Amino acid sequence: MSKVVSMKEAISQHVSDGAFVYLGGYICRSPSAAIHEIIRQGIKDLTVTRANAADDFDMLIGVGAVRRFISTFLSLGVYGLGRCYRRSLEKGIPHKIEVEEYTNLSLPLMLMAGAMGLPFLPTKDLAGSDLLKIRSFMGENKYRQIDSPFDGRPTVLVPALTPDVGIIHVQQADEDGNAQIWGIGGDCQVGAMASKKVIVTCERIVSRETIGKDPSRTIVPAFKVAAVVEEPFGAHPGYTPGFYDVDFGLGYLYQQASNTVEGFEAFVKEWVLDLPDRTAYIQHYIQRFGYQGFKKLQAKFDYGYPVSYAY
Amino acid sequence: MSKVVSMKEAISQHVSDGAFVYLGGYICRSPSAAIHEIIRQGIKDLTVTRANAADDFDMLIGVGAVRRFISTFLSLGVYGLGRCYRRSLEKGIPHKIEVEEYTNLSLPLMLMAGAMGLPFLPTKDLAGSDLLKIRSFMGENKYRQIDSPFDGRPTVLVPALTPDVGIIHVQQADEDGNAQIWGIGGDCQVGAMASKKVIVTCERIVSRETIGKDPSRTIVPAFKVAAVVEEPFGAHPGYTPGFYDVDFGLGYLYQQASNTVEGFEAFVKEWVLDLPDRTAYIQHYIQRFGYQGFKKLQAKFDYGYPVSYAY
Amino acid sequence: MSDAKEYIKPELMACCGAREISDHDVVIVGTGFPAMAANIAKYTHAPHATMVQESGVIDARPLRPALSVGDPCLNPGAAMIGGLVDVMGMLLQAGNINVGFLSGSQVDKFGNINTTCIGPYEAPKSRLPGSGGANPIGSLARKILIIALHDRRRLAEKVDFITTPGYIDGPGAREKCGLPAGTGPSVIITNKAVLRFDPETCEAYLATYHPDCTIEEIRANTPWDLKVAPDVHPTEPPTAEELRVLHEVLDPHRMIRIYEQRGYV
Amino acid sequence: MSDAKEYIKPELMACCGAREISDHDVVIVGTGFPAMAANIAKYTHAPHATMVQESGVIDARPLRPALSVGDPCLNPGAAMIGGLVDVMGMLLQAGNINVGFLSGSQVDKFGNINTTCIGPYEAPKSRLPGSGGANPIGSLARKILIIALHDRRRLAEKVDFITTPGYIDGPGAREKCGLPAGTGPSVIITNKAVLRFDPETCEAYLATYHPDCTIEEIRANTPWDLKVAPDVHPTEPPTAEELRVLHEVLDPHRMIRIYEQRGYV
């Protein structure tokens, strides 16, 4: 049963104002094209989460789409602090988002708990830090502390997260939504499986037969998936292993632009609002930086070996 | 740093009397050759675990190598109940093993807890069953029940398991122990990672470069691995995807033999004690069933496609 | 091709199972009966049902009948293969499994199932395999279908050991011990009848009797005072379409006959 | 090839880090300094050390310097790639990580680190990125190496916010709140000195001073009453072998000079 739709349809049908959204990626396979479409559609009041957020989250915060952020970290990597994130929290521009803060261990564990139907999980980090002293919109349920009934040790328990929708970008998926990745995983599988439904955006749609030739690569099964969008270069300016490199040049442009509110707004206008879809985005990229610049991003040829599942 | 040794060395150096041993596999990739070597070396008083134990565990119990079994299930599949297991528990032959019983959800979760350094995990099964009324050698620590501090619901907590040594059979590994699988996983990765050290037996040793061509297939990193044994057909009469089929014929012979103590002992003599290693085992197999019978087990040619991790 | 109206009891039972499956259901199947029932559903009214094996396999495309849930033939062509924590955790425990099949050496009137031991646990008359996936499936799948041989030994007033909880000791018991709301056994499909559970008492009652069986015979072979539904009626025989799928697509060699040898007549 | 005895401060600091790593250690590295330090160790006295990135990569073989822990160049050739729960859970939380590197906008005398905010949390003067992997690494790695700029703003009597606990408020505090025994910061490597922690007081003290620095200058730039080890002595300069590896193998273009621009002089 094909679930293939356009990005416009996927976002308008499955992401509503006020939704709790998991956005996959870790520089690797960020669903940038989906985030741009969320911005174009003017969706508001989102609760967003992922470990190690980057420029994509910064932009969502900058346009005012985010109300709440279950976070561990937000930065622009080599380009330093997230400018929109800072403006929001330091100056309330465009508004002050609410942040519930965890770590790159505890937050993935909370998504894993959600994915596995566990009500909560113990975590060995957080203890002794001021992260336990601050509680935001999750209140008392940010965490609970118990003495372990096994050995009496003080133990921090963190609750399961179950986002309304998870959006991930993967290398390939079939029309039904069976989604395959390789390379750096981040919290992509647990985040998607924790979500009530999943939007899969992918570099290429492949046949169910191709999926079946290597089923151990599948991270989300079709029945969890509500929409499939074929979106080549969908993670740019992030990267997708085997497809294209990270684009430090555009990252630098974003940092420079987002130093000021005006610069940020001009960047969003140029790269998001004035472009109807990712095809237009790529064309704009080629116009700005030349086909040579676009071509340079493409992955070199470096294939591995096939395996057999036969008996 | 090569850790490649013979099966004899791997077992004698890393499995001692009284050890707590995780044995991977789920019909798929059972470490049968390693188990035969444990029997040949006369190792005793083992505590063993895995979800869904089969003929391999039945044989270990039959020879008297097992003192304690953290279990979920033991059967011979299509050939019915495990005969040695029954004789042990019903008649104390050769002795009555101690069994701590869980399920195919809770036991893998306990191994996952061990693998992830979590002291315990909540599990949603077990509640309301008589499995909560029986406690064996783990006593009060078999499980604990609490009211969830988040929502007050009664919640069963099961403790982490951390075996002394995990033994897994995989498709391929490098000399240092980076181990790769594809196909049915069972509780192999969590069981191995929960263990303090790991013995990897494999169908083929490959170069570190080959591992690096597809690192998402690796389930155990080298630094966890104490020994690597190249042991083709090491899972027989179980199977290894891409290498050989399950051998129902030998499974039937085992069932027939193990109907009686005498038959079982003759089977163990013929297929384990009288054969010094797996090479002799395969040669004996070919002598008994013909090269044609051996050849029939080999997997058909049915390879998938390669992928690239390049940028 | 065999006569389209001819069928054996195990085929009828498999059809009874198939009819409990809805389109788009995710079904955790073992081998034999459950796999056959799920396949009948998939080839008739539930083409979008997804079959899952606890060993880690989702939407397998086996080219021969799988003889275990870890059978080699489940690997090539599957949509996804992980491990036990993926299927039992991410699928079952997280509430993604709609239908599970169970069977056991003993099944009692509350749908409790025993696969652990006959006789006392510490000194069993007969030691059985244990829970395996049964307990979590019975605890966490939305809808449980129980397959049983209908006699006074396999059915019980009370099982010797609750390996897998049905309604335990009656109304409210599942909720009280923390099992998820909206779960619990839905039906017991035997070789004589289909039993369902009274929402008031949680006791299994006679819903339909198979065409060659009588209510008296069924009550005589049931070790508790089996209530009979006011609208009790004969079990619907396999439809022509169900039989066509069974005989032409799924089981042309009628391998399902082995269940007759095991007493499913 | 440059003069084998010539080195800059960041190279000395990287060598100080390298010397804290033992052969066979599993080291969780980020980018820049930590990666350089771990690589120096691997190419000199610790050839069997394994480097790990929190994003999920084990034993990467990057062909260019990684600019983030999720950099594309970490994928091809790695020994294993999973995700955050694999590295932060199965490796770090399970006690498999021997050495972790941390840095922060503020580091205090107990080795507590702040990467959350300068000023009050609710109305920050400067909002920093947050914990990311820092808190779990500082909580759970066996040995923590802290890299810091040595001035009265980066070092603190008490950090504004404990993102990552060092010894918190002194002896016994880590154990009391449940952090694993045998963990905690081991050393603070600054651009002026190497500080270690007094097992009695858990306070950082001056262990060695870099060749061009004086004890007085270091104490003046430390915002707490810095104790001095009885056997205080100059930091061992990079050995010829360390410099050879740095200049010929790891960093022929001396990219490490960017740290000088950031004040590491």
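Letters A, B, C and D mark the chains in the order given here, with residues in each chain numbered from 1 onward.
Here is the rule we use: contacts are C-beta pairs under 8 Å (C-beta built on N, C-alpha and C of every residue); 3 or more make two chains touch, one makes a residue touch a chain.
Computed from a prediction, not measured in an experiment: that's the story for all the values here.
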Problem set entry | Those chains which touch chain D and also touch chain B | A
Problem set entry | Contact-richer chain pair (by C-beta pairs counted) among A-D and A-C | A-D
Seminar exercise, completed: Note: chain C sits from chain B at a C-alpha centroid distance in Å of 29
Exercise. Between chain A and chain C, what is the gap in Å from one C-alpha centre to the other?
Worked result: 40
Exercise. Distance from the CA centroid of chain C to that of chain D, rounded to the nearest Å?
Worked result: 58
For this session: Quick one: which residues in chain D touch 2 or more of the other chains?
Result: 57, 72, 75-76, 81-82, 85, 89, 92-93, 140
For this session: Would you mind listing the residues of chain A that make contact with two or more other chains?
Result: 117-118, 123-124, 153, 155, 182-183, 185, 213, 215-216, 239, 241, 245-246, 302, 309-311
Exercise. In graph terms, with chains as vertices and touches as edges, which category applies: line, ring, star, complete, or other?
Worked result: other
Exercise. Where do chains touch, given as pairs?
Worked result: A-B, A-C, A-D, B-C, B-D
For this session: Provide the residue numbers of chain A that touch chain C in the complex, in ascending order.
Result: 1, 114-118, 174, 178, 193, 208-209, 211-213, 215-216, 218-224, 309-311
Seminar exercise, completed: The chain D residues in contact with chain A across the complex are 54-57, 67-68, 70-72, 74-76, 81-86, 88-89, 92-93, 116, 121, 124-136, 139-140, 161-165, 168, 173-174, 176-180
Seminar exercise, completed: Residue set of chain D touching chain B in the complex reads 24, 26, 48, 50, 57-59, 61, 72-73, 75-82, 85, 89-96, 140
Problem set entry | Of all residues in chain B, those that touch chain C in their complex | 26-28, 51-52, 71-75, 77-78, 81-82, 85-86, 89-90, 101-106, 108-109, 112, 123-131, 134, 153-156, 182-190, 239, 241, 245-246, 248, 302
Seminar exercise, completed: As the complex stands, chain B meets chain A at residues 117-124, 141, 144, 146, 148-151, 153, 155, 157, 159, 171, 181-183, 185, 210, 213-217, 239, 241-242, 244-246, 299-311
